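I have placed the structure first, in the form of C-alpha cells, so that the comments after it can refer back to it.
Per-chain numbering from 1; labels A, B, C, D, E and F assigned in written order.
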Amino acid sequence: MTDSKTWAQPVNPLQSPRFGDVATFNRLPYVPDFKGKSVDVAILGIPYDGGTTYRPGARFAPRAVRDASVLNRNYNPHVGVHVFERLNVVDAGDVAVNPIQIQKTLGAIEKRMTEIHEAGARTVCVGGDHSVLLGELRAVHRKFGQPVLIHFDAHNDTGDEAWGEKYHHGTPIRRAIEEGLVSGDRIFQIGVRGPMTSPSQDDYQRQQGIHVLDIDLFQDTAKRELFFEQIHRVAGKSPCFITFDVDGVDPAFAPGTGTPVVGGLTSREALACVRRLKGLHIVGADVVEISPPFDQSDLTSLLGAALVFEFLSLMAIGT
Amino acid sequence: MTDSKTWAQPVNPLQSPRFGDVATFNRLPYVPDFKGKSVDVAILGIPYDGGTTYRPGARFAPRAVRDASVLNRNYNPHVGVHVFERLNVVDAGDVAVNPIQIQKTLGAIEKRMTEIHEAGARTVCVGGDHSVLLGELRAVHRKFGQPVLIHFDAHNDTGDEAWGEKYHHGTPIRRAIEEGLVSGDRIFQIGVRGPMTSPSQDDYQRQQGIHVLDIDLFQDTAKRELFFEQIHRVAGKSPCFITFDVDGVDPAFAPGTGTPVVGGLTSREALACVRRLKGLHIVGADVVEISPPFDQSDLTSLLGAALVFEFLSLMAIGT
Amino acid sequence: MTDSKTWAQPVNPLQSPRFGDVATFNRLPYVPDFKGKSVDVAILGIPYDGGTTYRPGARFAPRAVRDASVLNRNYNPHVGVHVFERLNVVDAGDVAVNPIQIQKTLGAIEKRMTEIHEAGARTVCVGGDHSVLLGELRAVHRKFGQPVLIHFDAHNDTGDEAWGEKYHHGTPIRRAIEEGLVSGDRIFQIGVRGPMTSPSQDDYQRQQGIHVLDIDLFQDTAKRELFFEQIHRVAGKSPCFITFDVDGVDPAFAPGTGTPVVGGLTSREALACVRRLKGLHIVGADVVEISPPFDQSDLTSLLGAALVFEFLSLMAIGT
Amino acid sequence: MTDSKTWAQPVNPLQSPRFGDVATFNRLPYVPDFKGKSVDVAILGIPYDGGTTYRPGARFAPRAVRDASVLNRNYNPHVGVHVFERLNVVDAGDVAVNPIQIQKTLGAIEKRMTEIHEAGARTVCVGGDHSVLLGELRAVHRKFGQPVLIHFDAHNDTGDEAWGEKYHHGTPIRRAIEEGLVSGDRIFQIGVRGPMTSPSQDDYQRQQGIHVLDIDLFQDTAKRELFFEQIHRVAGKSPCFITFDVDGVDPAFAPGTGTPVVGGLTSREALACVRRLKGLHIVGADVVEISPPFDQSDLTSLLGAALVFEFLSLMAIGT
Amino acid sequence: MTDSKTWAQPVNPLQSPRFGDVATFNRLPYVPDFKGKSVDVAILGIPYDGGTTYRPGARFAPRAVRDASVLNRNYNPHVGVHVFERLNVVDAGDVAVNPIQIQKTLGAIEKRMTEIHEAGARTVCVGGDHSVLLGELRAVHRKFGQPVLIHFDAHNDTGDEAWGEKYHHGTPIRRAIEEGLVSGDRIFQIGVRGPMTSPSQDDYQRQQGIHVLDIDLFQDTAKRELFFEQIHRVAGKSPCFITFDVDGVDPAFAPGTGTPVVGGLTSREALACVRRLKGLHIVGADVVEISPPFDQSDLTSLLGAALVFEFLSLMAIGT
Amino acid sequence: MTDSKTWAQPVNPLQSPRFGDVATFNRLPYVPDFKGKSVDVAILGIPYDGGTTYRPGARFAPRAVRDASVLNRNYNPHVGVHVFERLNVVDAGDVAVNPIQIQKTLGAIEKRMTEIHEAGARTVCVGGDHSVLLGELRAVHRKFGQPVLIHFDAHNDTGDEAWGEKYHHGTPIRRAIEEGLVSGDRIFQIGVRGPMTSPSQDDYQRQQGIHVLDIDLFQDTAKRELFFEQIHRVAGKSPCFITFDVDGVDPAFAPGTGTPVVGGLTSREALACVRRLKGLHIVGADVVEISPPFDQSDLTSLLGAALVFEFLSLMAIGT
C-alpha cells in the first residue's frame, strides 16, 4: 500500500466525459510495464474462453468490463475506503493468451502474474472462462503459498475429464487441489445450486473438506452468517484469493455468462457477501465467466466492474 | 414408475458436448410413438399462441425450451432424486396444432394427451399460451378425474369473453370449471398481482372458492407457509396438476412472455414453491406463456427447462 | 377529483385489442388542450435527454411508456382504488423541448406545467433524464409552494458543475434547493447506493438535512419502516411530489437507463415503497431516466407504466 | 384530391422534435371519424397476425410503422410531388380486429374500409399479415370493381388449405380470384423466389394468367422494363391496388417479417419499382408482413413507413 | 441417387406447422445410423469453434441452421429439381467434437465422414469454424481423391501459424495443400476482399496457382463469367467440393459470423454463383463460420439453410 | 509522410489475439501527446451527440469503432498501399467534449485539431454526430485554407434553424459556407436521397453551386463516373477533406445511425467511391453519425473502421 500521494488516478469525469477516450479499467493509466513505477494492484485481463463447455464469448470480457468500468467512482461508502488514495492501481493490459491451446494459456497466465508479483503488485483478473483460475492459482501459490480460496459460483468446478480432457472450466478446483495449490478445507464455495450429474457429484467436496454454502443454506440467514464467520476464523491474516464466477449470481442479474443456472444470488446479495469479507488479507481476486455476446444492456459487465471495485476496496482496507 | 433399469437416458455431455446434436428435451430420446416402449413421462410441446391477447411468440417455446434444456442434469439435490433412474422420460414431439382455429387445437391437445395416457404415461407439457390448459385438463379429467390444480400466474385467468370469443388465454380456468374439469375449491393460485379491470374481477374467484396467494400474501412468510400446508392437506394423495404460467415470475427473470406484470416472484422463489410441492401425486404439469421472440439470453427458456426438470423430480418422488 | 361520472376512460381492450390503435398513455384520450374539459390529472411526456452524462436515449421514453402502458388496467387492488372512476386522466402529449439548449427546455417544462396547473389539473410526467425535474419543480413551487419531495434514485443528484455546466442530470436537487423550490429537510431519498466520487460527497446532504434511506439502511426492515413513518409525519397533509429515477431499481429490473448501478431495489420492493405513500397529498409525480434504446423486452418501460399507474392511484386516494 | 389549401398537415419538426408527442402515421392528425372533415386518404392499421404460418408479430406493425414514420417528410423529389399540399391524409387508427377468428377480422376490415370509402377517401393500410388482403380487396371490389393488382412478394400467395383452413396468409390471392375480386390476368407479382413445395406450385399462376416477375427475370433489366410497361398498358386508367409484402425485399433490408426468403430485392430496387408505377390510378395500397419483434434497428418499419409515403405520392400524382 | 421412390421426406407443413416438432435439418428424418437404410446425402453438423481467431459461437450453428431450415421447401425452381424425389437425404446428427483439442476434432470429423462415405452417402456439413474444412477434406480425399475445390470466402485461408499453432480457421487451405488433399490449381476462391497483413500475403496463392475471383474482379461481369466457365472446364466430371464461408457474403446479409469483412457479396449474388455450378459432380459441401450469437433475426442461419438446399439441389442434378 | 522506418505499428495479432488488450484504433499506439514523436496522422474521437435530431448515441462511436478496428490489417490491396510503412498513425484519444453545450464542443474540436495540425499531423476523426464537422472545418480552414469537400450523406445538411438553434447536425454545411470555411462550388455530395421538407429545400444547394450526386444519378453509371472525374478535375492537388456520414449508406449496411433513410448505397459501393478518390490530397477526413446503441452485430462500427482505413490509405498514397 502506498501513502496518500498515490500517482495512479482515474480520469476526472467532470473534465472528460465518461463515454470518452480509450477505455481502460476504471479509466486508470494503462501501464503494461511497471519498470520505474510503484504499482500496488494491477487489473489484468485474461481473454480466454477455450475451456468453456457451453456458451463461449468470455474472450471479450476484459474489453466489456473496461467499457463498463468507466461508471465506477473512487470512494466506497459501503466499506468506507477511498481506493485510489490508498493504492496505486493500473490497467496492466491483457495476458497474451493462446486461444487454441489451454495449457499454453495457463502457462502464459502464470508467467504474466509472476512478473507482476515480482514487481511488488497484486492482481485483480478479469477472465476469461473459469479454467483460467488454475493459471492464476499457480502464480499465487508460487508467491504467497496456499491461499484461502473464497469461491462464488453456481457450480463446484470440481469435475474431472470431459472428452478425455483434464483442463476445462469445470475442473479448476480439482486440478488446483491435485497440484497442491490450495487445500480443500480452506476452500469456501458460495451460491452452488441446481441439478447435478449424479448424487455422487458431492463426494469429492466432502472428501476434500470443501465448505459449501449452497443456495438452500444461503437462504437460511443464521447459517449464512455462520459460514462467513468461519471464513474469517479460518482465514485470519492468511493470504486469501477470491474467485467470482458470475454465474453464482442469478442470470436475471448476470445474463451474459456461459453456463447459466436459474435461482441464484441477486447482485445485491453478491455485493453484500463480498463486502462481508472486509478485513481479510486479499492477495488476488478475479471475476470470470462474463460472456458479453450473451449479455444484455451490459448488466453482467457492470456487475463485473462493480466487483472489481469491491475487490480493490477490500485490498485497500485489508492490507 | 420403472425400476432402476430405465432405458431412456439423456445423452452424456462428457462424450458429446451439450451444444451438439439435434436438441430434444433434456437430450432425451425422441419417441413420438410409444408402441413397444415403456414410457413413464412424455415431455410434449404445444406450439400454439393463437389465444394470446398481447405479445405472441409462444409457438416457438417448445423449440426454445428444448435448446435450453440441454444444460439440465440428472440428479436433483434440492429434493433428492435421480430422475432418470426412476422414470423413463422421453421427448414425444409436439402436438400438431391448428394455428388458426383454437377449438381444433384444443381438440388436438386432448387427443394427443389421451393417446399418451392410454399408453400408460403422464405428460409434462411445454406451451403455448395459457389457452392450451383447457385441452390439457380435458384429457387429464378423462383419465384421472378432477385434479387439484396448482396454478402459478400473475393473472387469475378466470376472465370471460373478449371480442365475443370464449376461448383465449385469459379464460381457461373459468372454462375448465364450467366444463366440470376442476372444482374451484381445489384450485390454488400463486403469484397473482397487479391492476385489475374492475373491483369485481375477484368476485368469480370468491364465488368458486378459488384459493389465491397473491403477491402481497406471498410476501407474508407465515401466510405463505399456511397456503402450502393447505395445498398438501387438500391434495393428500389425490391427482394433482401443476400449471405454471411464467408470468407468475417477475419479467426481470422471465422477460420472454406475452403479458408481463412487474413485481412478481423471483425464479429462486418460484423454484422453492415448486419444490414445496414434494410429496404430491402429480399426474401432469405444464409451463406456458414462454415467448422466445421477447426473451433475452434465453432467460425464460432456461427457467422453463428448469421447471420441467422440477416437475419431473416431483413425479419421480411422488408416485 | 371528479365524481364517479368521469368522462375520460381507457379504451376497452375487450373491444379493441391492446396492441391496436394509436398508443396513448393508458389508452386514455389524447387531450393537448383542456379548454372546456374537466381534467384532474394530465400525463405529460418530457422527451429530453440532453442532460445525461452517460447513456442517452431518454428522449424516447414517453413513446415507449405509452406503448407499455396499454397493458395497464383500471382498478388497483393493492391500494384499493378504481382510478378512472375517481379521476379524469388524459394524455396531454409531450412538452415541446429544445433538444440542444437545456435552459430553454427547463423553461418549456415550467410553462407547459403551469398551463396545466392553471387549468386545474395536476401532472404525472414521464421524462426525460433527471435534469427535467428542475423545470417541474419550478412549476410545482409556483403553484403549490415547497413540496415534500420523495425521491427514488441510486444517486443523490446533488452534484455540482461538470464541464463548467451547472445544469445536467446530476444536479437537479442542488439547483432546486438553491432556487428555494424545496427544502433539504423535506427531501426523502430512497435507494441511494454505490461508489462515490469522494467521501465528502455526502457533506451536502448532511448540511441540507436531506433524509437518505440508502440501500444498506433499506435492507434493515425496522429502519425502512421508520423512514416511511417519518415521511408521513413530516408530510402530513402538505403537498408532496414524487420523483422516481428508475435507476433506483436494480438494472436487472430496469436495464434501460442512463447511469445504471448494480445492487438496487427489486421492482416488487419499489412498488411496495410507492404504495406505502398511500394517504399523502400528491400534487405531482414523475418517472425519469428510462432509456428505451438500452431496454430489454420493454422491462423498464413496463415498470415506468406501472409506476405511473401507482402515482395515479395515490392521487385518486389522497386528494 | 383537394386544392392546395389542405388542412391535414404533419406536425412541424422544427417546432416539436420528431421523437416527441403521440406517434401517429407521419405525425398527421388522428381522425378516426371523418364526419364533417374532408379526407382524401386514410392511413389505416390492421393489427392482425392470426393468419401467419411461421413468425407472428405483425400485430405490432401499425404501431411500429407509426413510430418510424415520424422521420418522413413532405415532398417526394423522386417523383416530384408535395403530398400534403395535394391530399388531406389522416391517421384513421386501426381496424378493431378479432385476434382469434380470422373470418371476423376479414369482416371488420371490409366494414371499416367501406366506411372510409363511403366518406370519399381511399386507404393505405398497414398490416398485419397478408391474410388481411382478402378483407381489403372485398372492400375495394365493392367500391371500385376489380382492380389491377400489383403484388410485391417473395411468395405467390396462391396456396390452398393448410390444416384444413382456407384462410391464412398463404392463400389471399387464390381466395380473391375465387371470390371474383380480382382477375388473374390483371395481377402482377414482383420478387417471387426460392424453393417451392412442388413443381406444380406454378400451375395455378399459369392457369389464371398471373404475371410473375420472379427474381431471375427481375435481374434481367430488359425483361423487368417490359414487365412494368405491361403493367402500365394493362392498367391504363383503371383502378389499381398495390399490395406490398415486405418479404419481397431481402431480409437484410427487411429482417422483421414472418416468412423470410433470402436473395430478394434491395430496398433501393423496391422503391424504384414503386416509383415506376407513377401515373397509375391507385385506389388503395398496403404494406404487410412487417413483424416488429423480429425487426432490427427498425429497418423494416422504416421501409414500411417509406413505402407508405411512396404510395401517398403515387396517389397524389395519379388521381 | 435413388429412384423416385425416395423414403426420406420432410415433414408436411400443411399437417404439422413449420414451427412445431423437434427441429432437424429441413424437417428430414434424424438418422444417425444408416444400417439397413438407403441414404444418398447426410446433412451433418460440426459444432466446433475452437479454431476461430475473433468471434466464437459457430458451435451453435448446426442447431441454428436446423431451426432456420424448417422454412425450406422441396422443389428448386431456379435450377429445376425436386430434391427429395431424387435423393434420400437425412439429418445425421453432429460430429462428437472435442471442444478443447482441435486435432482430436479434426480426427473425429474425418472418422464420421468416412463412416458415412462407406455407407454410400455423401455429406453436406454445417460447421463450425473454417478449421473443420481440413477434417472434411481428409475424408473426402480418402474416398474421392483430390477434389476440385470451390471456395467462397472473404479470406484466402492460406495463412500460417498464429501463436505457434498451425491449425486454426485461417490455415485450412494451406494445410490441405501441404497434406496433398487438394491441388492449388484446382482451387477456385470467390469473394476475397479487404485489407491484408502484407503485400506478400498473395504470394502463396500465386505460387500454388490458386484461382481467385476477388471482389473487384467479381464486379466485372465478363471476368466473373470467365471464371465460372473456367471452373466448369477444369472440373468437368471430376469430384468437386464446395466450401462456403458465410463471410464471403457481406455482413449486412450474414451478420452472424466470426471475422466479418464489409463490402461482400449480396446473398442474391451468392445464390446465383452457387446455382452457376449446376452440372458439376459435387461429392461434398459445407457452409461454415455461421455464429448464431452474433446473428440478427436468423439472417445468417436462413442463408445457411438456403445454401444447404442449393447444395442438395446441385447434388440431385449433377450425379 | 515518413520513410519506411515508421515507428507506429499495430499490435501483431499473431502474437496477441485481436480480441485482447486495450482497444485503440487499429491497435495502434495511444499517443495523446505528440511531443518528441513524429506523427503523420492522428485518429481522433469526437464523442458528441448533442446535435442530433432523432436517435442519439453517437457519443459511443469512438469506442465502438476502436473495438471494431481491431480486425483491420495493414496492406490495402484495392488501392495498393501498405499504410503503416508509409505513415506513422496513432490513436490520439478523444476530444474532451462538452456534452451540454454545442458551441463549447465545437471550440474544443477546433482547438484539439489545431494542436495536432501544429504538431505536423493530419486527422481522421470518428464522430460524433454531423454537427462536429463545423469544428473540424474551422481547424482545417485555419491550417489549409478552403478545402474541396467530398461529402457522403443521405442528407444535404444545409438546413437552417430548428427550435431557434443554428447549430445542430442538419446545418453544418450551411454554417461552414457562411463562415467561409468552404465554398459551395467545391462541395461534392454523394448519396443524397429521400423525402424533403419542401421542394425549395434544394434551392440553397443550387444557389451555392453545390454538386450533388443523388441516389438517382448515382445509379446511372455514366453520370456517376462523370461526377468523380469532376471531383478530380476540381480538386487537382488542392487540399481535400472527406466527411462521411454513415447514413449515406443504406441502413441494412449501417443500421446504427441517427436519422436513417432507406434505399442508400451498399457498403461495397461506398468503399468503391472512396477508393475512386485515390490521388487526391486528403488533409483530413471523418466518419460520423455512427450510433452504437442502434447498431447490430457491429455492422456500422465495422464499416466505420473500414472507412478509416480507406482514408488512411488515401492519405498514404496522395501525399
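Odds and ends about this structure:
Rule of thumb we're sticking to: contacts are C-beta pairs under 8 Å (C-beta built on N, C-alpha and C of every residue); 3 or more make two chains touch, one makes a residue touch a chain.
All of these numbers come straight from a predicted model, not from anything done at the bench.
Of all residue numbers that take part in the contact between subunit D and subunit F, under half occur on both sides, making this a different-residue interface. In this assembly, E is the chain whose CA centroid lies farthest from the centroid of subunit C.
Chain geometry summary: the mean Cα position of subunit E and that of subunit F are 38 Å apart. Annotation: 40 Å between the Cα-based centres of subunit C and subunit F. Annotation: 55 Å between the Cα-based centres of subunit C and subunit E. In subunit F, 15, 17, 19, 53, 59, 96, 99, 163, 250, 252, 266, 294, 296 are the positions where the chain touches two or more neighbouring chains simultaneously.
Here the chains touching each other pair up as A-B, A-C, A-E, A-F, B-C, B-D, B-E, C-D, C-F, D-E, D-F, E-F. The touching residues of subunit C, counted against subunit B in their complex, run 13-15, 17-19, 71-78, 82, 250, 252-253, 266-268, 271-272, 296-299, 302-303, 306, 309.
Remark: subunit D residues 15-17, 19-24, 30, 45, 47, 59-60, 62-63, 66-67, 91, 93-97, 99 touch subunit C in the complex. For subunit E in complex with subunit F, the touching residues are 53-54, 161-163, 193-199, 201-202, 214-216, 219, 250-252, 255-256, 259-264, 266, 294-296. Residue ranges of subunit F in contact with subunit C, taken from their complex: 49-53, 55-57, 59, 96, 98-102, 104, 163-165, 167-168, 293-294.
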